[in-house]
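Both complexes below contain chain A, partnered by chain B and then by chain C.
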Partner chain A sequence: MRPVLRSPVGAASAVLLCLLVALAVFAPILWGDRAAAIDTDALQQGPSSAHLLGTDQLGRDIFYRVLVATRLTLGLALLATVIGVTGGLLLGSAPSVLPRWAARIVTSAVNIAVAFPGLLLALFFAVIFGTGTVGAVLAIAFAITPSFARLTQTLTASVSGRDFVKAARVCGVGRFRLLVRHVLPNIAEPLVINATMAAGTALMAVAGLSFLGIGVQAPSYDWGRLLGEGLNRIYLSPAPALGPAIAVVVAGLAFNLFGEAAASLAGRRQQQRQEPVTHESVVDTSAGGLLTVRNLHVTFPGGVRAVRGVSFTVQDGEMVGVVGESGSGKSLTALAVSRLVEHPGVVSADRLEFNGTPLARTSDRELGTGLAMVFQDPMTSFNPALRIGRQVAEVSEVHQGLSRRAAFAKAVDRLRAVRIPEADRRARQYPHEFSGGMRQRAMIAMGLMGEPRLVIADEPTTALDVTVQREVLRLLARIRAERSAAVLLISHDITVVAQTCDRVLVMYAGRIVEELPTSELFTSARHPYTTALLAAVPDLDTDRDAPLAVIPGRPPEPGEIARGCPFAPRCPVAEQKCRLEEPSLVSVDEGHQVACWKLDAELVEAAVGGAR
Partner chain B sequence: MSELVFDHVTVRYGHHTAVDDVSLTVPSGQVVGLVGESGSGKSTLAATAVGLVPVTSGRVLADGKVQMVFQDPYSSLDPRMSIGGSISEAVPRGIDRRAEVARLLELVNLDPARAKALPLKLSGGQRQRVALARALAARPEVIVADEITSALDVSVQGAVLNLVRDLQRQLGLSMLFISHNLAVVRYVSDRIAVMKNGAIVEEGPAERVLADPRHPYTRELLAAAPKRHTRLEVS
Partner chain C sequence: MITVERVRGSAWLPFARRRALRLLTSLWVLVTAAFLMIHLIPGDPVRESLGLTAPPEVVAARRAALGLDDPLVVQYWHYVSGLFRGEFGTSLVSGTPVADLIGDRLPATVQLAVLAFVVVIVVAVPVGVVMAVLTKGGRRRGGELAFTSVSVVLAAIPEFLLAVALVSLFAVQLGVLPVAGNDAAGSWVLPALALAVGPAAVLARIVRVELLSVLGNDFVRTARAKRLPARLVYLRHALPNALTATLTLGGMMLAALVAGTVLVENVFAWPGLGSTIVGSIQQKDYPAVQGIVLVYGVGVLLVNLVVDVALALLDPRSTIREA
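Our next item is the complex of A and B:
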C-alpha cells in the first residue's frame, strides 16, 4: 500500500478517498440539520454567500445537501460493490471446488451473463426489484458479479496450473483448502485492484439510477437525485446541478485512479532512481582483435553491478567459450557486445570495438550483417505469426536492399546451408511447425543472411536435447571452418565449451576469474572455482560410488557482492586477504590468466625460494 | 517396501498419443532412471503416477504412497506461504507438525530455524531441498523426481544429487528419477529406461545399458552425451 501513496496519482486519489470517507461519516452529524432546514423565504435561489450552491424548491441549502448526501451515495455504492464482488468471487472460484459437471454449469452461466452489458443488466434488475434503494443496490451488484466472476475464474485457472498447486494436490490437500490457502492469496492483488475500480463504477451507476428516478426515492436523497432536481432548472441557475455532478465525477475518479495507480504498480513494481556509477579506467596498451572488450561494466538501478570490468579479445575465426552460472554476468556480456542491454541497464567500457570501430558508432547495417546472434530459447526468438522464410529473409530486405523475392530465395539457400531438409517447403511454414532444434538452426540461418564475422551464441543448446545439441554445436563449428567467422559461445555447461572452443573465459560474480586455452582446462586450471566446477559436473566417467564433489553455498546475486573475492565464502583455501581485497586478473602462463590471491602468494613463495 | 508398476499405460490428448503402451516397474528400494528427449512423454508418464494426468488405458499400481518432486523449485513452492507451512501441509494427521517440519528440514540439511522464511529468501538449491522435504513429509514409499536438477546451477546440482542418493538409501525409497541428462541419470540410477516418442525403447540394469546399449537411439544418446576429453568432431 505504501508505494501506491508515493506516486502522485496514487497519493492524490488516496487523499480524495479519505476526504470522502470523512465526509460520509461526519457530514450528516455536523450539517444534517442545516441540510434539512426548510426556508420558505429563499425558494429556488441561485448561488449566494449564504447558500454557496443556491437552494431547492423548499429553500434547503444545496451545498450542505451535497455534503450530507455523501454518506448515502458512498454507502450504497460500497454495499453494491461488496455484494457484487462477493458474489463474483463465489461464482468464480466455485468451479475449482465443485464436481466437474456442476463446475461446467457455473462456468457457462457466468459466460452468458458476461455477454450482457452491465448497465442493461442493472436496468433489467431495477425493473424486477422495483424502484427504490434496495432495487438499485441489488441491480448494480448483480451487474458487477459476472465480470468479477470471470476475472476470478481466469486468475484462478492461471494459478491452478502452477506447480505449487499441483504439488499441494499430490500431498493430498483438499480442494477447498487449496482454494483458500494457495489460490486466493496469490490472486488477491489484482482482485483488490479491480474491486476498487468496480466501486468507482458502482458509484456512478447508483447516481445514474437515482438520476433516472429508479434509485433513491424522496425523502432520502443522494447525489444522483440532487443532480436530477438541479437539472430541471439548469438554464436558470446551473450551480444546483453542477455541485452534485462534480461530486459524482470527483468520487468516481478517486476510486478509479486509486485502482489504476495500484494496478500500474503491481504491473511493473517501482523503478528505483538511477545512480551514476563511475569506474576507474584501466590503462590499456594491448592490441585489439575482431572484438575488443576492455573494462566492460553493466549496471542496474540500485547499485547492482552485474558485469564488473570484463576485458577480452576475440580474434578472427576464433571460437571462444564463456562459462558461468546464473548471475555471473555471462549473458549480459554477450548482450552488451550486441548492443542489446535494455533499459534500465547501463553499459560502459573503456573500449568496446567490433572490427576496429567502437560499437557505439557501428551502423545498424554493419551490426545487422556482420554480427549474428543466437539466443537460448528458440521458442520465443521467432514471431509465431510469420512464416520462417519471411523472418529469415527480413535481414536482407532491411540491410542489403534485396527485393522480397530475392531475399526469400536467399533465405531458402541459407536454410539449406544449415541442413534443414526440404528447405523450400519448410521456409513457408510457421515456427510452431518446427522442432526446437530446427528453429535453432533457422535462427543460425538468419545470422548467415549477412556475411557474419562474429556469431554470438547465448546458451544456444540449453533448451535442446543432447542429440540435437550436438548437431547445433557441429553447425557452429562448421560455420566457423567454412566462413572463417569467429564464435563467442556462452554456456553454463563447461563440457559443452570444452568440446568445441579454443579458449575459455570463466566468469564468476560479474568478472572473469580465469582465462585459459581449452586444451589446458583439465590439466592446468588454477582458480579454485574453475577446478571446483570441473569436479562438480558429473559426466559418463564419474565414479558412481563416491559422493559428487560439491561447492558449498551458492553464487552471489549481482546485488550482494561485498568486499573481497566474491568466491571467498565458498572457497576451500580462502584466507584473510581474500575476504578483504578482490584479486585482479594476472598472467601466469602463455594465454593463461587467473584472478586469485592464493596463486599470487604461491608465485611469490616460489620466487623467494628460487632466489635463495 | 513397495513397487511402482506402470502396466500398459497409454495417455492420449485428442489425437496425440503422449504415452504409448508403456510397461515399466520401479522395483522396491531401487532407483530407475528415465531418460529421453523433451516431448518423449517422460513427464506425462511421471504425472500419471501421482494422478495429475488421467491414464487413457492401462493401470498404475503402487503399494504405498507416491510423492513427486517437480522440476522448477521457483514455481513449485507457494510464494505466499512459509516453507514450514508448505511442508507442514503434507504431514499426515496425528503427528506433531512443528517437530516434524524441524526434523524434515534437518534431514535435507536446512536450518530448522528457517521454517518461517518465504521461498523468496531461498536459493534454487535450497528451494529444491524444501520441495524434497515436502515430498518426504507424507511418508511416501515411492518418489517420482521429474528433472529436479535441470533448473539448478551446476555448482548447486551436486549437493542436491548427493542428498537425493543419501536419502533414497537411508529411507529405502523406490524412485523414478527423470532427467534428460544421461550423466546425472547414470550417477543416481540402479536401472535405466530410455524413452522415445512415448514408448520405452530400452530398459535394463544401468551398467548394462551404458556398456552395451542395444537400441540405436540409446547408442545415439550415449554418443551425443558431452565428454570432457573428446573434441566434437566436425563432419
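Our next item is the complex of A and C:
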C-alpha cells in the first residue's frame, strides 16, 4: 500500500478517496437540512453566490444536494461492488472445488455471461428486480459478477499450474484447502486491484441507471438522479447538470486511478538513470579484416556495462567462435557488430567496421544482403503471422528489387539449397507448421537470399536436439566452403566451437579473456577460465561415478562487476593482485592472447590439475 | 514438440463447428433468459403494468391474451416458435407488435454504433502505433506519461457524462451543433463522439502496449536483421501480431459500445432502441423490453462472432490453439 501512495497518481487518488469517504460520512449531517430546504422564492435558478450550482424546481440548493448525495451514491456503488465481487469470487473459484461436470457448467455459464456488456446485464436485471434503489444495486452487482468470476478463474488457473500448488496437491492437500490456503492468497493482489476499479465502474453504472430514471427514485437522490434532472434544463443553465457530472467523473476516476496506480506498481520495473560511461581509447594500429572490432562497449542505463572493451577481427572466409557462459556479453557483442542493439543500450567503439566501412555508415542494403544473422531460438525468430516463403523472400523484395513473385521463387530455391524437402509446398506454410531444425535451416536460407560475406550465428543450435545440431553446424560449414563466407559462431558450448571453428574467443564478464587458434585449444589454453571450461566437458574417459566437473560460483551480473579480475572469486589460483587490478589482454604467442596475471606456466598447470 | 503436418484447411472445420456450437448455446441461453425475464418478476407482470387500479377482469383478460395462464412449457414453446416466425409479442402499452417497434428503431441504433466504431478504429490504431514507436525502449518518458494520463482520464468518463458535457459545450454554449435528434448531418457528430472517445482512448493504450510487447519479440529482431525499412518492421511484422490481443479486447469494447448507445441515445433523444427500452422499462411494457433485450443480445453475439472469425483469419494459430 505504501509504495502506491508514493507515486503521484496513487497519492492524489488516495487523497480524493479519503475526501469522498469523509463527505459521505459528514455531508448529510452537516448540510442535510440545507439540501432539503425548499425555497419557493428561488425556483430553478442559475448559479449565484447564494446557490453555487443554482436551485432545482422546488428551490433546493443543488450544490448542497450534490454534497449530500455523496453518501447514497458511494454507498450504493460500494454495496453493489461487494455483492458483485463476492459472487464473482464464489463463481470463479467454484470450478476448482466442484466435481468436473459441475465445474464445466459453471465455467461455460460464466463464459456466456461475460460476453454480454455489463450495462446490458444491468438493464436485464433492472427489469427483473424492478426500478428503484434495491433493483439498481442488485442489477449492477449481477452485472459485475461474471467478469469478476472470469478474472478469478483465469488467475486461479494460472496459479494452479505453478509448482508449489502442484507440490501441495501431490502432498494430498484437499481441493478446498488448496484453494483457500495456496491459491487465493497468491491472487489476492490482482483481485483487490480489480475490485477497486470495479467500484469505480459500479459508481458510474449506478449513476447511469439513476440518470435513465430506473435507479434511485424520488424523493431519494443520488448524483445520477441529480444529473438527469439537470439535463432537462441544460438549455437554461448547464451548472445543475455539470455539477453532479463532475462529481461522478471525479469519484469514478479516484477509484480507477488508485487501482491503476496499484496495478502499474505491480508490473513496473525499477527505472534507472542513465549515467554517461567513458571509455579509455586504446591506440590501434592493427590491420583490419572483413569485420573489425576495436574497444567495443555496450552499456545500459544505470551504469550496466555488458560488453567492456572487446576487440577482435574476422577475416574473409574465416570461422571464429565466441564462447562464454550466459551473461558474458557474447550475444550482445554479436548484436552490436550487426547493429541490432536497441535503445536504451548504447554501443561505442574505436573501430567497428564491416567490409572496410564503419558499420554506422554501411547502407541497409549492404547489411541486408552481405550480413546474415541466425538467432538462437528458431521457434520465436519467425513471424507467426506470415508464411515462411514470404519471410525468406522479403530480403530480395526490399534490397534486390525483385518482384514479389520472383523473390518467392528465389526463396523456394534457397529453401531447397538448405535441404528443406518439398520446398515449394513448405514455403507456403506458416512457421508453426515447421519443426525447430527446419526453421533454423529456413533462417539460414533467409541469410542466403543475398550474397552473405559474414554469417553471425548466435547460439544457432542451443534450442535444438543433438542430431539436428549437427545438421545445422554442417550447413554453416558448407556455406562457408561454397560461398567463402566468414562465420562468427557464438556458443556456450566449447566443444561445438572446437569442432567447427578456426579461432576461439573466450569471453567472461563482458571481456575477451583469451583468444587462440582452436588447434591449440586443448594443448595450450592458459586462462584459468578456459581450462576450467575445458575440464568441465565430459568425454569417454570421464569417470562416470564421479560428479560432473563444474566451475564453482557464478559469473558476475553485468551491473555488479567490481574491481580486479572478474573471474578472481571463482579462480583457484587467484592472488591478491587479481582482486585489485583487472588484467588486460596480452599476446603470449602467435595468434594467442590471454588476460591473466598468472601467466606463470606452473601455476596454470597446477590449476588444471586442481580442477580435474 | 508437435509437428503440425495438417493442412490449414482442415483446421477450419473443427473451428467452425466449435464456434457454431458456442453461438447456438449462447443464443439458447439468451432466448431462455429473455423468456424467463417476465416470469422472474416478483408478482404479476400484467398487474404491475396495468397498475393497481385496473379491474381484475381486465387483468385476467390481458393475461389470457398474453398466454400467461398456460403452463410454462407451453408458453416457452409459443415464445420460441414465435421468434422463428419473427414474432416478438405485442406491446402492453401501444398494442402494436414489438417486431414493428424494433424494425422502426433498430436502424438508427445500428448506424450510430457502426459510425462510432469506425471512429474508434480510425483514431485508436494510428495513435497507438505512433505512441508505441515514439516511446519504444523507454524513450520520451514525458510523452508517455502525458498520453497515459490523458487516455486514462478519457477512458474513465462514462459516455453519458461525456454526452452531457458535449451537449453543454457545443450545442448550448457554442450552438454549433444540434442538441438532439438525428435529422441533420451535424446531429451525428456529438452522439458518435460521446460513444467513441472512451473506447478510442482504451484501444489506443492497448494498441501501444501490445505493439511494444510485440516489438520485444525475437521475430522483430529477425525483421530488423533483414534491414527492412522501419515502416515494414512496424506495419507488416509487428502490427498484425499486436492486433490479435487488440481485436479480442476491441471486440469486447464494441459489444460494450452497443450497450453504451442506450445511455447516449437517451441524452440526445436519438430515435433508436436505446431510448425505447428505457421508456419501456419505466412503463413496465415487458414484451417490448423482452424483444429489445433479445435484439441487443443477438447484436453482441454477432459482434463476438465477427471478432472470432477475424482473429482466425489474422492469426492462423488461433484456430488450432483454441482447442
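Here, the second predicted complex is superposed on the first by the 492 of 612 C-alpha atoms of A that agree within 3 Å, B and C clash if a C-alpha of one lies under 4 Å from a C-alpha of the other, contacts with A are read in each partner's own complex, and residues count from 1 in each chain.
Quick note on the criterion: a contact is a pair of C-beta atoms (placed from the backbone, for glycine too) under 8 Å apart; a residue touches a chain by one contact, two chains touch by 3 or more.
Only a predicted model underlies this, so the values are computations on that prediction, with no experimental measurement involved.
Engineer: Touching A:Ser338 in the superposition: chain B (first), chain C (second), both, neither?
Structural biologist: So A:Ser338 only meets chain C here.
Engineer: For A:Phe522, is the partner it touches chain B (first), chain C (second), both, or none of the two (neither)?
Structural biologist: Once the two structures are laid over each other on A, A:Phe522 reaches chain B alone.
Engineer: By residue count, which of the two partners contacts chain A more extensively, chain B or chain C?
Structural biologist: C
Engineer: Quick one: classify A:Val573 as touching chain B (first), chain C (second), both or neither.
Structural biologist: A:Val573 contacts neither chain B nor chain C.
Engineer: For A:Asp539, select first, second, both or neither according to whether it touches chain B, chain C, the two together, or no partner.
Structural biologist: first
Engineer: Check the residue A:Gly436 against both partner chains and state whether it touches chain B (first), chain C (second), both, or neither.
Structural biologist: It touches chain B and chain C both.
Engineer: Of the partners chain B and chain C, which touch A:Pro238 in the superposed model: first, second, both, neither?
Structural biologist: So A:Pro238 only meets chain C here.
Engineer: A:Asp364 in the overlay: touching chain B, chain C, both, or neither? Say first, second, both or neither.
Structural biologist: second
Engineer: Who does A:Ala22 touch here: chain B (first), chain C (second), both, or neither?
Structural biologist: neither
Engineer: What is the contact status of A:Thr467 with respect to chain B (first) and chain C (second): first, second, both, or neither?
Structural biologist: It touches chain B, and chain C stays clear.
Engineer: Show me the chain A residues, by the header's touch rule, that chain B contacts in one structure and chain C contacts in the other.
Structural biologist: 436
Engineer: Across the complex, what residues on chain B touch chain A?
Structural biologist: Answer in residue numbers: 37-38, 50-52, 67-68, 70-72, 75-81, 86, 89-90, 123-126, 131, 134-135, 137-138, 153-159, 161-162, 165, 180-184, 186-187, 210, 220-222, 224-232, 234-235.
Engineer: Which residues, counting only chain C, touch chain A once they are in their complex?
Structural biologist: Contacts found on chain C: 1, 3-5, 8, 25-26, 29, 33, 37, 40-42, 136-139, 149, 152-153, 156-158, 160-161, 164-165, 167-168, 172-173, 179, 217-219, 221-229, 232, 236-237, 240-241, 252, 255-256, 258-260, 262-263, 266-267, 277-278, 281-282, 286, 289, 293, 296-297, 300-301, 304, 314-317, 320.
Engineer: Chain C touches which residues of chain A in the complex?
Structural biologist: Those in contact with chain C are residues 9, 108-109, 112, 115-120, 123-124, 126-128, 130-131, 200, 204, 207-208, 211-214, 227, 231, 234-235, 238, 241-242, 245, 248-249, 252-253, 256-257, 260, 271, 301, 338, 340, 342-344, 364-365, 367-368, 373, 375, 377, 379-386, 391, 394-395, 398-399, 430, 432-433, 435-436, 443, 446.
Engineer: In the complex of these two chains, what residues of chain A are touching chain B?
Structural biologist: Those residues of chain A that touch chain B are 162-173, 181-182, 185-186, 325-326, 436, 465-470, 473-474, 477-478, 481, 492-496, 498-500, 522, 532-534, 536-542, 544, 547-552, 554-555, 570.
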